[in-house]
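Just below is one structure, and these are the notes that go with it.
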Amino acid sequence: MHKIPVGVLGASGYAGRELSAFIAQHPRLTLAFATANAQRGETLELPGGAVTFIATDDAPLASAELVFSSLPHGASAEWVARARAAGARVVDLSTDLRIGNGAAEAVPYGLTEWTREAVRSARVVANPGCYPTSALLALLPLLERDLIASGATVSISSASGVTGAGLSPRLDLLFGEVTENYRAYGVGNSHRHLNEMRAAVQLLARDVDLLFTPHLLPIARGILSTITVPLRAPLADPLEPWRTRYAGEPFIEVVDALPELRQVQRRNVARIAVRRVEHVRTPTLQIFSAIDNLVKGAAGQALQNANLMLGLDETLGLPR
Amino acid sequence: MHKIPVGVLGASGYAGRELSAFIAQHPRLTLAFATANAQRGETLELPGGAVTFIATDDAPLASAELVFSSLPHGASAEWVARARAAGARVVDLSTDLRIGNGAAEAVPYGLTEWTREAVRSARVVANPGCYPTSALLALLPLLERDLIASGATVSISSASGVTGAGLSPRLDLLFGEVTENYRAYGVGNSHRHLNEMRAAVQLLARDVDLLFTPHLLPIARGILSTITVPLRAPLADPLEPWRTRYAGEPFIEVVDALPELRQVQRRNVARIAVRRVEHVRTPTLQIFSAIDNLVKGAAGQALQNANLMLGLDETLGLPR
Amino acid sequence: MHKIPVGVLGASGYAGRELSAFIAQHPRLTLAFATANAQRGETLELPGGAVTFIATDDAPLASAELVFSSLPHGASAEWVARARAAGARVVDLSTDLRIGNGAAEAVPYGLTEWTREAVRSARVVANPGCYPTSALLALLPLLERDLIASGATVSISSASGVTGAGLSPRLDLLFGEVTENYRAYGVGNSHRHLNEMRAAVQLLARDVDLLFTPHLLPIARGILSTITVPLRAPLADPLEPWRTRYAGEPFIEVVDALPELRQVQRRNVARIAVRRVEHVRTPTLQIFSAIDNLVKGAAGQALQNANLMLGLDETLGLPR
Amino acid sequence: MHKIPVGVLGASGYAGRELSAFIAQHPRLTLAFATANAQRGETLELPGGAVTFIATDDAPLASAELVFSSLPHGASAEWVARARAAGARVVDLSTDLRIGNGAAEAVPYGLTEWTREAVRSARVVANPGCYPTSALLALLPLLERDLIASGATVSISSASGVTGAGLSPRLDLLFGEVTENYRAYGVGNSHRHLNEMRAAVQLLARDVDLLFTPHLLPIARGILSTITVPLRAPLADPLEPWRTRYAGEPFIEVVDALPELRQVQRRNVARIAVRRVEHVRTPTLQIFSAIDNLVKGAAGQALQNANLMLGLDETLGLPR
């Protein structure tokens, strides 16, 4: 069967490599090019073969029906425009075009389970961040039904593996600094992520405040968000909103037992459980949401969106 | 100089071994005996020598001026009574005599910085749990001054290394199950720990609800508690309550930068930082509190209490 | 297409779970049963569904065309006989029937790349151990051509992740004991593994001594063997014996760069590189051989053998 | 009591920080200065206080009685000369002045247990590398007595934690690249280390070849060397050469059980065990030698040498 050519801009980072590996195993896609300026000329081993990185400037954009951009924040928007001008559809994994981050142009936000129809017909999709994916998939079933107490503070405490910070030579990401360590942090990406989550909440016109606290885990991949939500009223069946909303969703696992990161690693799923908080006056739920930051939080969701944009089965080539 | 004989009941677990090592290096204490039923006859290497475990039943309780009990929860209270009857002072590291856990007899709670005088004259001290130590040292400066919003829910989200679960052959604590993993859990010790924290809050007659969520980290030692506190009113200088309350305390580090677990590992300190939460209507603080669960959360604090009970300098033999 | 029913005895351990997951995704096999005495009644999540463990005594052996036994060493041989009597072919992952370990009956040794034809027609296959797989795949190309110095000592220094020791509640395998640690060990399985390697060498009638030193790595999965081999004479092209012998082999990667464990994890491959040792009088090679102990070292190779025994494409259902 | 001022050049790396912390706790030394060009103006937290890094060019060399240089290889020799000209004694932790690496000037090699008298009177000492320390302390008792088979190849297979590579922002040292990974490597420092070991062997005029294979462990600190040695003749009591040679040595632990890295971490010791290899024709020993690469392999041994050079008790301020 004819394979559809797709390209990856910025393919040498963690998300870009993951994406290239998914494409290499995809039954209907073929990797037309993979760019990486600093590594150009080097090869990336992929299942069933290898690809040689080219400079981003040399990318034959017109040869691809769809282009993924994993370029750094700030550098991506320009290449999204070029790819689009060359006739390709685009999935942008950077923050550049995401809601809440001041993009000049509104493009569909690719939180697939919530924006499927917009994605299907989009020319360009802004792929959500990893933290927002883990938090919003957990929160939106409550927000959609307006079950959260008005004016309440929703607390999102998240812990992420180090690949969330990208493949960059930072001293604080060295093995010797991360192993046997754990810390909260409050810089850089956390503001972008919080803006993105707030913008998604505002789309639903809900009057809640968000509090977001990211932590760095001594693991390679995975995000667990522990979310505390004051409710308007107690829920008779706490898990019902998620079971109902996500019935039939191929990539959402609503479960009874608290999720563990190893259950979602290398899989394009979010795994969600809920607990009613006992012995507090305000009716309160805790939602536990686990994803792989590189899969459902980045490359997997990007491919899920691309499948839809190309008219393919949404689940093709995605590890479950 | 004369060394004071002390004994350790249950010396083969993580806390018991840590305690035995501290005693072996202590300038004024000497290890009179160390018991471990399953390991009796085996030797434990200690700095400057080794000790042979004896059966708990064979412990010469009367030979010690002070006895530490690291026996399992449920088994400890009986031995505390025996040691006391033999004339020894006792520091009990189990939950058996801790506040909030239904102990028949009230004994001073050894959260040293808050109960120093009671500890000094006590015959028996209940050493706090590791989670409560990390949370209460963070919360009490606010509770003491009644700065927390009345009726509010205080959320304590904690992450602990695996030694907090003890040296027991559980499949879920195997390296292969813990590495590259992370999860919340809600069983066993968490209820005991929450009861203990609630009882401490009730001692101050404060009207707040506590929510406690423990998580298991893929590290050996350390607890980081991230605590979210709705305030009665904004604080002009958020760190002031801690700086004031803990001025001169040798084992409390009130700092500006967010604490990391590696800064407190193998040290008998709690390291505390505070952040004002931005962009939420309810004035809210986050407190970040890091300890080593085996040191300030167990053996170190036990020795700190023992130093006081024996009339010694509180800091003797404790790693800072 | 008709799926062939296969069963797994002892499916709750690391190798048994890995095998069950491979079967659940296999295009031509279906999991007829999975046994686990201690966990009977519990469910094992698998890709695309779940299976409920039954007691081994309740296994409907006759319902399976092929049975895998991951039962413990010593307990497996009896069940291999029963499965065979029930008409099933058998792949035994235990040591019970392996060469060098005193099995009463000789069955083909399933080091697939070296015994393919015997495996194809076998009723029962003894699946090799993880250490022997890593070492023999590296050594046999030299032994086959008689290139090793006669009477020489071949030194096999191997390091393995902890899943090689199985899913058993041993204190020395707890996360708190393994993290940030590394050690050689010389007990239990190492003798069995060495016997197995010696027996394989004797089959080729080569006069070399083997020295085997296993080490325990703080990782979940993977074995790297660093093998030092005194040669009869220098090799002009050191890598040629492997390139020639393994040309076209789908699961052997002969490479220039030194292999890393992460390149082979979750894949049914052995990755082999070679270095000529400089500045020593005896012409000497070092061979570096990396496998995933649970895949090419256990469940993957077992399935590779099963594919052959059932007349299927050898590579079906195996991750590369 | 008067404290002796000492300085540290290059104090921001792993060895330099370890050394500064030892000095801060030393009963007879005080830290006169600590230099770090890139971090100048920043503070380093130390037990009992903090130090502000100054530029190396600003180091008041004459204010110190002894200067430690942890400057990078190649940059250190010049500063050793300057410190010496300023009247200070010097311990150089770089390779610049070590045997086997082409230093213009011969200075005593500070493998303390073997060169104690030369160190005591030296103006400058070249502190051994971490790998050579672990290997030579294991090998020299055999070499000294000429027990190794003439012309034999001695194989040194070592595995090191990542701090051995220094605190440098290399992609291959990121947590995400090292965790759950293991590999041999053969570049950079390994040649320097091998040259250093060969030169030490040649000092004893022994006719043996050395083979050295370093591996990278997913841990922060520690080196385990597994050394295989063909003997002239079997030894009746394999451990006797080490027990005899190291009797009374405060920092060498000759033990029966195989050493583990966690037994030596944060301690200035080498822990050595020996096994007779069974079932090989050449009488062969394996020596297992464990050290902390940052302590006995760097900062600890440097301080051990400094204590001798300053006429102090050799063990002062060193963790055992």
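The letters A, B, C and D name the chains in turn, as written, and every chain counts its residues from 1.
The rule we apply is simple: a contact is a pair of C-beta atoms (placed from the backbone, for glycine too) under 8 Å apart; a residue touches a chain by one contact, two chains touch by 3 or more.
Worth saying up front: this structure is predicted, and the values here are computed from it rather than measured.
*Asks:* Which pair in A-B, B-D or C-D has the same interface as A-C, with over half of the contact pairs matching by residue number?
*Replies:* B-D
*Asks:* If you tally contacting C-beta pairs, which pair wins, B-D or B-C?
*Replies:* Per the contact counts, B-C leads.
*Asks:* Quick one: report the Å distance separating chain A from chain B, using the average Cα coordinate of each chain.
*Replies:* Computed from C-alpha means, the inter-chain centre distance equals 39 Å.
*Asks:* Nearest whole angstrom, what separates the Cα centre of chain B from the Cα centre of chain C?
*Replies:* Centre-to-centre distance between chain B and chain C: 46 Å.
*Asks:* Quick one: chain B and chain D, Cα centre-to-centre, how many Å?
*Replies:* 37
*Asks:* Where does chain C touch two or more other chains at once, residue-wise?
*Replies:* 161, 179-180, 218-221
*Asks:* Which stretch or stretches of chain D touch chain C in the complex?
*Replies:* 151, 153, 155, 157, 159, 161, 179-186, 209-211, 213, 215, 217-222, 224, 226, 228, 230, 258-262, 265, 275, 277, 279-282, 284, 286, 288
*Asks:* What residues on chain D touch chain A, complex-wise?
*Replies:* By the definition above, chain D touches chain A via 14, 161-163, 167, 169-171, 173-180, 218-221.
*Asks:* Tell me, which parts of chain C touch chain A in their complex?
*Replies:* That would be residues 45, 47-48, 179-180, 263, 266, 320 of chain C.
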